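Two complexes are shown next, each including subunit A; its partner changes from subunit B in the first to subunit C in the second.
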Partner chain A sequence: MEGILFKIFGAFITALLAFTVGMLFGGLRRKVIARAQNRVGPPVYQNFLDLLKLQSKTTNIAHGFMGHMAPVWIIIAAMTTLMFIPVLQGDLWFENLTMKGDLIFLLYMMVFGNLGMALGAGQSGNPNSVLGVSRGLSQLVGFEIPYFLAITALMLQFQTTTIAEFLNIQAETGVWIVLQNPFAFIAAVLASLGMFMYAPFNIVGAPAELASGPRAEFGGKYLGTMMTGGAVFAFIKLVLMVDLFLGGAGNNNLEGIAGTAVGLLELLLKTFLFYMIPVFVAIVSPRYRTEQAIRFFWKWPTFFGILAIVWALYKNGTFN
Partner chain B sequence: MEIIAIILLILLVGSMLTFLIDSFSSKLTGITAFLFSLAASVVFFTQIPSGYQFKFQLAGLDLQWGLTDYSYYFAYIIFGMSVLALLYSIKYMEGKGRLGYFYGSFLLTILGMFGVVISQDFVSLFIFWEIMTWASFLLVIYNAYYKVKTKGVKYMIFSAIGAYAMLTAIVFIRVHYDTLLISEAIAKGAFNFEQYIYIPIFLLLGFSIKAAVMPFHVWAPSAYSKSPMSFTTIFSGAMSKMGVFGIGLVFTSIYLGTNPENFYWVRTILGWLGGITAVMGTIYALIQTDAKKLLAYSSVAQLGYIVVGLSTGTKLGIMAALYLTVIHAVFKGALFMVAGAVEKQAGTTDMTKISGLIRRMPWTFLVALVSIIALAGMPPVGGFVGKWLLYEALITESNNYILVVVVFFSSTAAFLYSYRFLYGLFLGQEEKDTKDVKEAPITMLIPMLILMIIAIVSGAVPGLIFEPAAKAMEAIGFQDVTWQMSSLTNLWGDTTNLGLISMLIGAVFVIVFVFITLKGYKNTKDVGTKDISTSGEIPKEWENLSFQQDFFQPFQRAAAPLYSMNMNKIWKNLGENLEAFFGFFRKLYTGNGQTYALYVVIFLVVLLLFKDVIFS
Partner chain C sequence: MDNNKNIEQVSKIKTIGIPTQEEIKQAQIDFSPRCTSAGRVNDKETQKMVEYIMNFARKHSLFVLAYGTGCGAIEIPATMTSRYDAERFGMRGAATPRQADVLLITGYLSTKTLKRVIRVYEQMQDPKYVIAFGSCTINGGMYFDSYNTINALDRYLPVDVYIAGCMPRPESVINGIVKLQGLIQNGNAGGGKCYKDNLDWYRENQQKVIKNWDFPDDYNW
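Let's look at the complex of A and B:
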């Protein structure tokens, strides 16, 4: 019984961390973009204020059952994915269910929320929303290909599909996977640009054109809950990248609370630095049309993905 | 009398009886057919154990019927799906004409399929195969009774090619190995690609036409979508699986062989054909505007995955194929039933004409939603298990690294048409002309809900399907097939615990659902689909806000080169060329007696000139 309570407490702590970091990074992004455009920009905690406002709205509008369910789907996808990703290596609080699922499962679970949101947007009956969904799903087929190539390359090179194992390998060899298979990293980074849906791949919710696309008809508690899910998801994507390529966090020799604190700092630093890649790209980019975006993902990122697989096969000795 | 003959007799008598009853009371026909199929399956599941065998002689040939664990596995699908489809038919077919014709052929098709899986010699296999094909052909043309020439012709031509190929192979087996028993032929290596290569190739041709593998898939989309939906449920769910059954059977020699690397190229070719089938099926599914056509193309794609699984020849791969065989029957059966229910209640399945049925047909929507999640392969529903097994088999056990990307591309693009199906029929603007649509009758809902529950349960406890599948694999020559009740393990020892995943998703679902429903419950308004803001303006009642045409235009543009490949065109060109070629021979028949006399003279002269060569 105590074990279960500890697990639930750990899950709660993890979720809280993911939420806070996700929201904070969202605020930082707005600030960074504003400074780059020579504006003052909103304060870093602006996203928290937005959420507070949305959740305290007295009237809420739903457009039917699927509209009501869309935020639920997103939270399900976010929480389930979070539980299976190692946040801090070897820390019992953040262990959760990390050994109980593998990368293929995560790959599918991460799309679950998108489909839920798409269904919610579909039921609203707003043609702009559905247009956004059509673009979003098309773009999904674009960036999932290089991403899948990259993680397949990693699986082949290290003969495992569990994320915790990738962390162990990096801890044992002392070399981050970004150096062991650089092509996979390039493919994954390019794919993650699409995953974050910032410019130039932000046609899905293009505000000026589609009235913010799939989210157009959501407001109040619905939009607020979706925002929470989105923040957790941003954190998940970053941690997954850091775990897979940048050695993860929490792999230190310190005991107790000091070890956790240092691990968390390491995590924040690494995720933030990685997060700046899509943000900086967004600052200097205009917007792609959907088919251009798809074509982009099927060209260079896919090329690097195939290169990554060849490199992985060379490294694990298939060619010998 | 042998019990297996009784089952065949029940189905045969049922088929004739329903045909006769139709002239007295067309209402009783459906119920009679349902009861007969129920009786047959009850007798089958209670009386026939696996390993049963029955030998007899007919016209000097040794015939043998029986069931191994492998054929039992397929018999589950046949009887399970048939009973549900016939229960569904009662209301679905109500009010349509020629019910005796329909149900008679339906039961005959079941008989044919059952016969195929129980046949242990080639003669009965071929006879039952033909019964199945011809009975199903009658059902394919049911809706086009007076336009047979245009509607069913593709199905008939391809089926005939498949049948001839099979017959040729059977004759060659008889000539080279002097046996007609399947087990003996396997033992003597008849399916071996190293001895007489054309035997397995002809057999594979026959079976893969039924499984609609590229490039022989062109009959499938129109045949699936043109038949009555209650039949398509087993047409795509069970009958196409007879092809899978046969491919598995032919491959036993590969699986049994000590060194599967010998057959590397055979497996690679078949695997790639499966992969291309999956991609082409998917990209054509997502441009369809008719829900039935969409599902038909999607069936072609899903069969592609199964063939990819079979072609790996590894334990995990075959397990994936067998698992997908069942789960595809379950969710695609449910989806065809959904399409049928919409067709029955709303009059059409054309997605450009109807939309927003979710409030009118909520239960049907629920079934569609769960089945679509299974189709897209998302956890926690059963479809995910099949996808997981397939990927892990391709990555860890086989060395088809590019094929795995092709499969992944196809299954990601499947999200597009999955969404299209749900959106097209159930979501979107609620138009006035669908206001009077009612929920489907209860006897149509029950089979759909049963299939939905199977899909959900198999996602949490796939062991229920693994158990018979593992037995089936042991029956075709694998040893020590391992499986767990509710978790998946690959060759490298990585596990995915499905029980935990289902519980976690269930728990989060309940918590968030309660939260979002209760928070500000009184002030949450559920408004219609006209109460929306489009760029800050409130749309008028008469404004058309449906978005159904060219739904995935961006994807179509990006993938334009893929769309330029069309197998239909290639077959059509081949057909026209053949027509021109044979047209030349037709010119010989001038209709003039003198020309014919000349032919006879020429023939005699040739005979005289070359008599030494010919008769030596």
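Let's look at the complex of A and C:
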């Protein structure tokens, strides 16, 4: 009984943490970009103000049932996915609902939000939205291939599909997976550039060309809810990468609250450093067209993905 | 306020010839509806804190839809980029009217453009504000005697803040934004409410200049 209570409490705290960290990282990103352009930039809490403002809009127009449901769908997808991510290893609160084979479940679940977005944008009837959705789904096909190859390489190399197992392996051997299978890491990093949809892969929501694409008809509270979902999704992607490649967080010998606090600091540091990769790429990049983006993803990232699988099979002993 | 009566009054003034000072004053008072109160979410005194926080957020997070009608649009990139950096005030470009809070009308408006601007304005979500940019939106500027541009934007859309100049430099644009922020914080940026309350008056003026009127009846669509 106590275990269940801890799980429920942990779920609330995890959701709060994901929201706060996701929004804060979004603000930090805006600040970093501003400093790179020699500007002062908005304050780091700017995204919270934006969200508060969007939620305090007095009129909100939805175009039909799916348009009404799309932000809700995104939030549901984000929260469901979050519940299967072990945020801190072996922690009482932050371990969440680990189950056997949750990595495969996550790979499917992470596309669920995009699907809701596509349906909602489709019903709004705005041609820009439809165009944005078609471009977004094309790009999805592009970056999912190297990403799946990288994840498959990990599954083959370590013979498991549970995220908690990956954490345990890294804790036991003391070597992060980024060193055990570097090619998978390279493929996953390149794919994550597309997953974050920052420049050069930001044609989906290009403001000047597509009037912000799929979100063109969503304003006020709908946009605010989507923003929240996006922030939680950013946190999910970062924590998943840290869990799979960078050893996770929370693997320390401290007891109780101190252990959790140190684990959280470790997590924030690792996720922030990983988050800076797509942000720094975005600062120096122009924008790719859809076919250029797909050509990019199916060239080098896919090559590294295949190399990662070969490496995994070699390490695995299949070739012996 | 009886709008039809006011319009008659004003048109009478025009036909008489040179109006007296009192008549001008009266016309200025009666002419365009001036609402300076944005209205509150609810009138409970206990909600003052909520109102304050909301206004604080609104003030520091302005999504601007820059409607580049005239030459003024060239000042917007300068305002947004490194040298003047309007993003530090929480200003951000919005690509669609659904996401925007501020409609920035940069320059003269031909009657054809006015129709699109009204469409854009009515698609924005409350609370919404209009910044009129440049002297063309105040009195017509250098196009004051043109046959197909409007002279005073205030007759067709409620303007919260004017930025005078031809062209206003980025400093003045930022000054105007700061002024709008002050109005929002005090609850005085009431353009959106004003438009809703005096919709008949605005509609009549709009339909006078827009010949092919094909708008939906709904105010916020």
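The rule we apply is simple: the second predicted complex is superposed on the first by the 313 of 320 C-alpha atoms of A that agree within 3 Å, B and C clash if a C-alpha of one lies under 4 Å from a C-alpha of the other, contacts with A are read in each partner's own complex, and residues count from 1 in each chain.
Following the convention adopted for this analysis, a contact is a pair of C-beta atoms (placed from the backbone, for glycine too) under 8 Å apart; a residue touches a chain by one contact, two chains touch by 3 or more.
If you're wondering where the values come from, they're calculated on a predicted model, not measured in any experiment.
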Room on subunit A for both subunit B and subunit C (clash or fit)
fit
So, A:289: does it touch subunit B (first), subunit C (second), both, or neither?
first
So, A:50: does it touch subunit B (first), subunit C (second), both, or neither?
second
With both complexes superposed on chain A, which partner does A:61 reach: first (subunit B), second (subunit C), both or neither?
both
Answer with first, second, both or neither: which of subunit B and subunit C does A:142 touch in the superposed model?
first
Go through the superposed model and pick first if A:216 touches only subunit B, second if only subunit C, both, or neither.
both
On subunit A, which partner's contacts cover more residues, subunit B's or subunit C's?
B
After lining up the shared chain so the two structures overlap, which partner does A:118 touch, if you call subunit B first and subunit C second: first, second, both or neither?
first
Which partner does A:165 contact after superposing on A: first (subunit B), second (subunit C), both, neither?
first
Rounded to the nearest Å, state the minimum C-alpha distance from subunit B to subunit C in the superposed three-chain model.
5
Footprint intersection on subunit A (subunit B / subunit C) at 57-61, 211, 216-217, 220
Touching residues on subunit A, where the partner in the complex is subunit C:
30, 34, 37-42, 46, 49-50, 52-54, 56-61, 207-208, 210-212, 215-220, 223
Once bound in the complex, which stretches of subunit C touch subunit A?
41, 53-54, 56-58, 60-61, 81-82, 85, 87-88, 90, 92-101, 123-127, 220-221
Can you list the subunit B residues touching subunit A in their complex?
356, 358-359, 362, 369, 373, 376-379, 384, 387-388, 391-392, 395-396, 399, 401, 404-405, 408-409, 412-413, 415-416, 418-419, 422-423, 427-430, 490, 492, 494-497, 500-501, 504-505, 508-509, 512-513, 515-517, 519-520, 523-536, 545-547, 551-555, 557-559
Give the list of subunit A residues in touch with subunit B in this complex.
55, 57-66, 68-69, 71-72, 75-76, 79-80, 83, 97, 99-102, 104-105, 108-109, 111-112, 115, 118-119, 122-128, 130-131, 133-135, 137-142, 144-145, 148-149, 152, 155-156, 159-162, 165, 211, 216-217, 220-222, 225, 289-291, 294-295, 298, 309, 313, 318
